[in-house]
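One chain, chain A, links the two complexes that follow: it is found with chain B in the first and with chain C in the second.
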Partner chain A sequence: MIRYIVRRVLSVIPTLLGLAFIIFMFQRLIPGDPAVAMLGEHATEENVARIRTQFGLDRPAFLDRDALAQGDFSGFFDSQFVRYLGRLVRLDLGDSIHRRIPVAETLAVRFPATFELAFLSLLIALIVGVPVGIVSASRRNSLLDGVAMIGSLIGVSMPIFWLGLLEMMLFAVFLQWLPSGGRLSSDIQLQAITNFVLIDSLLTSNMPAFVDAVKHILMPAFALATIPMAIIARMTRSSMLDVLQEDYIRTAKAKGLSERKVLVKHALRNALLPVITIIGIQAGTLLSGAVLTETIFSWPGIGKWVFDSILARDYPIVQGATLLIAVIFLVANLLVDLSYALLDPRIRYD
Partner chain B sequence: MLRKPLFSMLAVVVMASMLLTACGGGGSVPATQAPVTEPTQAPEETMAPTEAAVGSQFIYGRGTDSVSLDPAIITDGESFRVSGQILEGLYTFKPGTTEPVGALAEECTPNDDATEWTCTLREGVKFHDGTDFNADAVIFNFERWRFTDNALHFPEQVFEYYEAMWGGFDDGSIITSVEAVDDLTVKFTLSSPMAPFLANLAMDMFAISSPAALEANGAAYGTPAVGAVGTGPFKFVEWVEADHITVEANADYWGGAPSVDQVIWRVIPDASARYLALKAGDIQGMEQATPEDFEAAQSDPELQVLFDAPLNTVYLAFNFKIKEFQDPKVREAVAHAVNKEALAEAFWGASGQVAKTLIPATMWGFNDAIEDYAYDPELSKQLLAEAGYPDGLSEMTIAEDILDAEGNVVYKAGEVMPLRFNYIPADRFYISGPKAVAEAMSADLAKAGIITELYTPGDWATYLGERRDGKLVGLYMLGWGGDNGDPDNFTGYFYATGAEPIAREGWYQNPELATLLQDALKTPGQDAREPMYQEAEQMLHDDIARIWLVHQATPILLSANVTGYQPQAVDADNYNLVVVE
Partner chain C sequence: MEIDLSKYKGVPDLALPKQRSLWQDAWHRLISSNTARLGMFIVGVFVLSAVLAHFFWEYNPGTDLDYTLKLKAPNLVATEEIPSIHLFGTDKLGRDIFRRTVHGGWNSLRVGIVAVGISLIIGALLGLFAGFYENVLITPVERILLMGLVGFALGAFPAWIARQPLQMFLFGGLGAFSAFYVNLLDRRRLRILIFAGIGLLMGAIPSLLVGPLVAAVCGILGLAIGAFLALPLGGQLFSNIVMRFMDILLTFPGYLLAIAIVAFLGPGLEKGMIAIGIVGIPVYARLARSAVLSVIPKEYNIASQALGASHGRIMFRHIVPNILSPIIVQTTMGLASAILSAAALGFLGLGAIPPEPEWGAMLGDSYRYLTSGAWWAVLFPGLAIMLSVLGFNLLGDGLRDALDPKLRA
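What follows is the complex of A and B.
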């Protein structure tokens, strides 16, 4: 097991290197220049040239053939990509071109916001999705099953921006129960420790902040949870239906075990393997795909930030955030793989 | 049995996330970090885990966050919106007008040939950090902006506006020296007369920062962790990135303490969500509403709508490397084919004013004598026939090679292709839904026999890049927003270098106009300059250099209980008289 984990962790390095190369290359392939994007309508030739020089954008993207032709070997490697890799080795993600502040500094504040939202959404999706799937499977073709499956179909197909605005209209404008957006009310003071506001408010025993944070996260978390919730419900149902037809289930029933015990202890455990796989994939999708939810609920996470940075050609932000998401995605999938062994004793990673 | 592994997995994920965050952050930015040089702000206070007692708040919703609060190195309106409350320049603009009036300087007076300006500074003004505002502080700021070898002129920071408005850095600067005559008098010496001197001083970008704060924070000055320290009506409190910026009233403000205790700018990227937040009472003001919400707000008794004076121009430009557009008759045919009134009505509504010149009617230099090209598709057809296109126009011919930055031919001379209508791919502060506007204009043109193909080369960054290289072939849309209310700021950027074809301006060339604009910049006195800009406008009109479409007055939506909000024609709106009842 330990050897397996070490092997998996080591395999992350070439994956990240390859990813760094691909992200770097694709960004340079799309037309548009960070300096021109930054200066907008006011751009003059002199300013564009100066900014390009200051951020090293006038250097060749990969290797400088002209320097090589002149016999300058050090210049040959003095390209944007090699400089970027050099910084990456030192765990320096660089500075934002537009903001001129370290990308890592902003990531440290924004990533927890996205993670908190994605984690809670996944939790909601699990808490609702798995039981709905079990009940649907155990009452196959019943009215309950029909309602649950139509409900999950609506969940999958409902546009998040529409659902988000509806939630806001109901809970913020008409009922005035919940705030319309943001992560914390501006009159709430909270000492930042981990930058996860729910955790920080608990760590500092700041109950007003905790209640305020919960109020803020509810609407976006439910909006973001709808799609994974529906997928998990459908997946659990179909996986449970397969398992329920197995011989050992019939045996368990024949032994006179209660339906609840058969479903939860015997069927669900086996049915969960594919569900866990889906959860792993959904976790990555939630982290990288919360752009719409973050936009509608003014959630200061990385989704909208990365999206805007792509449009502004702010290369260091896109590179840094994408790499972090990749790391999380790889970690989530490693956890999923390891959880197989916990769920199914037959699976061993030696 | 089942719950255990699941529970442990969730616990591992939470712990892993915390670990990753701790590793990824380096120096994490606390959500409520106090400004480094803010002595009046006790750090213990902001860190206290209690609900802070705040007085009256004015919360304003906006689409994007500020970039920095150091006005010298930024160019975006959302940064100036905040820095403009914290910092002030020597001059400012009289509310709602483009007239420069004294702020930190009581008065600046020129010598006879306007190459020296002597400014008397306001007495007894202090920066928010308690240090004195005086002649040395003014010199400190101007030297930081001007000299590239100044310890606080960081190479990675772009002092773009200093270069643009004052002619360049170091020896290239029109301001050749700033000297202290005494503690409250500074003398500016210029290399040549500069007519918009006071208007430039009044720009938000040339607001004076506390030298002590600049020295203490270096390149971090203006960032979320530090904020900015000026003399303005509000003091920086905190900046939580992508979430909100808070400032508090400066009780010692020389112009009188603001009425509201705190102003908070909240980032709400989605326009509909912003409107719902206003309706929910979570914010008391906003901009950039969707057209539907704007309409609804106008008849909503809980809301009120104010307008910023329109200081921008949306236009349709010709690429002059298109053979057909080199013929004035074809350009005139296009001008008569666009139904501006209908466009303004349909897409800008109450906030749009039909444009007939580049300089908006609210600015001096506007030439009201110009008679616009009336919408007349039949006349367009006739003009096209006279120009040799009796069956209308649907193709364009590249007149000269158009090259990319590496010198490769992108469009070859003689190449014939469908006539393109390049539309802006993203909303700008002067236009919402540019594609729909382009479709309407394209339909107008079709009625006059001008068949265009709607096209955009990519996203906004790509569009700007293509425009810069003169590669937006055919017709293209764009706009301009003014910086200092001086007509040179509208006309000079576009045409003062037009002795040669300007790639950025669709290869337009008009040496006579360029000379006139260069002279106008050096001519002292508004009375002498005004006719020169009016003449420039006439030249642009006669040459049908471009088709000026609309000036947009930015609508500001406020809750009905807000009074005292002062929209500005130039610079950030004033918040110091705002009262939330």
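What follows is the complex of A and C.
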């Protein structure tokens, strides 16, 4: 078991390297000279040369074979990619081109907003999706099942940016119940402790801020939750249907246990294992969906920032945020794999 | 004596049920399912309208512009103020949204088909080869080819460092040699030692011309490559390389990779197609591999192997037809998600370049006017995305039920 955990954790390292490599290659895909992009079109040649040396852009991409030929062994490894890796190890994601602020600093401030949104969405998706799946499976082919499954198919097919816009149209423009965007109204004061607005407002027992924050997060969270909710409902249903055919379910029913007890105690526990796997994959859907949802609702998280940076051609930000999201996705799947090993005693890994 | 069959007209012949092939059977199941019929209908409407519009309903997005009709609500009757009928209303430039939605379908379908085509062809072939060679013993010729290529590819590294292309061919030759004489030097350790020694010489001696340090580095690299090439490697190696790479591609969640690729390549429908296509490759590779793994132990494969059929024949005559069903289902669902991703890219301004009509881009264009009440500019293009995606998903669901062997009695 411990050997499996260690092996699984170590297997992340080559993937991380591959990830860093792909994201590093993005930088080289950009047409034009990054130094010129940083300084603008009218920069003097000296300035461009200075920036190129400062950022190591004059170094070879991966390895310096000329340095080696001249007998300089350490110069051999002094390349853009190795420097990039070195910076990553020190959590230095470079500076924003336009604002000149370290990318990592802004990411640290903006990440809680995205995490709060994604976490709440996942919670909504689970709270709605799992019961719907259970009910659908236990009343297979009933009207309820049909409605739930068509609903979930529509949910899977939903462009979330469109759903977000529809919500906004209904609740913010026509009914005016909820604010159309942002994370907190501008007239609300809130002391930042964790940067998670919902937690901060509770910690400082600031009720008006909490209510305001809930109002702001409802629409984006529901929009973001749609696809995971639908997928979780479908997954729960099919895995429940598989489990309900097992012998031990028939035994449990034959013992005279109540329907509820059979479903919850015997079937659900075993049916939820594949659902946990899905949660890991949904972490990715949530985080990449955040780019769209946050853009629509002006949510000040990573997604909105990536979108703005794409438009502003601020590539270090796009690189840094992409890397962060991919790493979170990787970690989420790692945790799912590990929890799988812990939860299912039938699985033996060594 | 001849039986007069006309006497039995109307009596069902129970002894001789109508013969149906596997695919006819699936087709019958497909069209008897309500969801699949609905899916086929929706997909049919979209495909037909997009194709007909593209070829028979002329539209020039470059000149379509009329500020007097800016953001008008849908009208069914022409009035004095609005002399033309706009079923879906008009957008911020006074363009008819119905017309642009219908024409946008052509772009969305095009993106979907090309993107899925890229991921399907590359992904399914990689998965097919990976799954096949993981289990089937590789033939000597294939082994020589594989090891030669691996040697050549690995040799590229010292060759690049020393600027000597010769080294690539040397290591390629070493790989082929090792594959040709698999049983040369029976004792494993001795074999690895000797091959590593040859590799060391191959790397170091030509590099001496460049410099002593280069020779040392290339020598060490050659040592490692030589030792590696001495190992009895086969299909497992190939499968591992392919699937590891797929795992890395899968690390990028959803369409984030597509967004990132297009963000760096610059916007455009063609770049979007390529980006979405690349993102989909690992899905098909994994699916095809696991499907291959499940059909490989079947008797018909063992029989054709015993008959001496070539690997290409086994793969394409015996395996491919039997793994088609999951791939067909995934392709249909893949079209749905490709359309969705393309719309997301378009919405972010990374897909079709304006004024080209594309559903996502149309939404991205007009959502800022939502607060001023222009709901129609947002409702209809989004509805088109949702319905077309739903159509493909319904069809995919129906196909899965129709092709699923578990349901077959």
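Observations
In this text, the second predicted complex is superposed on the first by the 270 of 350 C-alpha atoms of A that agree within 3 Å, B and C clash if a C-alpha of one lies under 4 Å from a C-alpha of the other, contacts with A are read in each partner's own complex, and residues count from 1 in each chain.
By our rule, a residue touches a chain if its C-beta (ideal position, glycine included) is under 8 Å from a C-beta of that chain, and two chains touch if they have at least 3 such contacts.
All values derive from a computational prediction rather than experimental measurement.
By the touch criterion defined above, A:88 lies against neither chain B nor chain C after alignment on the C-alpha atoms of chain A. Residue contacts after overlaying the shared chain place A:218 against neither chain B nor chain C. When the two complexes are overlaid on their common chain A, residue A:180 makes contact with chain B and with chain C alike. Contacts of A:169 after superposition: both chain B and chain C are touched. When both complexes are overlaid on chain A, the residue A:159 reaches chain C alone and has no touch with chain B. In the superposition on chain A, A:108 contacts chain B only, with no contact to chain C. When the two complexes are overlaid on their common chain A, residue A:61 makes contact with neither chain B nor chain C. Measured by the number of chain A residues touched, the leading partner among chain B and chain C is B.
Contacts of A:257 after superposition on the shared chain: neither chain B nor chain C is touched. In the superposition on chain A, contact of A:194 is made with chain B only, not with chain C. Chain A residues 30-31, 161, 165, 168-169, 173, 180, 283, 295-296, 311 lie at the interface with chain B in one structure and with chain C in the other.
Listed in rising order, the residues of chain B touching chain A in the complex are 1-2, 5, 8-10, 12-14, 16-18, 20-22, 24-33, 46-52, 54, 57, 59, 64, 67-68, 73, 75, 155-158, 160, 163-164, 219, 223-224, 240-244, 246, 264, 266-270, 272-273, 276-277, 279-282, 426, 457-462, 464-466, 468, 478-481, 493, 504.
Every residue of chain C that touches chain A in the complex is listed here, in rising order: 160-163, 210-214, 217, 244-245, 247-248, 251-256, 259-261, 263-266, 336, 340, 343-344, 347-350, 360, 363, 367, 370-371, 373, 375, 378-379, 382, 385-386, 389-390, 393-394, 397.
By the touch rule above, chain A contacts chain C in their complex via residues 14-15, 18-19, 22-23, 26-27, 29-31, 63, 65, 68-73, 76, 153-154, 156-159, 161-162, 165-166, 168-169, 173, 180, 283-285, 287-289, 291-292, 295-296, 306-307, 310-311, 315, 318, 322, 325-326, 329-330. Of all residues in chain A, those touching chain B in their complex are 30-34, 36-48, 50-51, 54-55, 95, 98-102, 104-112, 115, 119, 123, 161, 164-165, 168-169, 172-173, 176, 179-184, 186-192, 194-197, 199, 201, 204-206, 208-209, 264-265, 268-269, 272, 283, 294-298, 300-301, 304-305, 308, 311-313, 324, 327-328, 331-332, 335, 339, 342-343.
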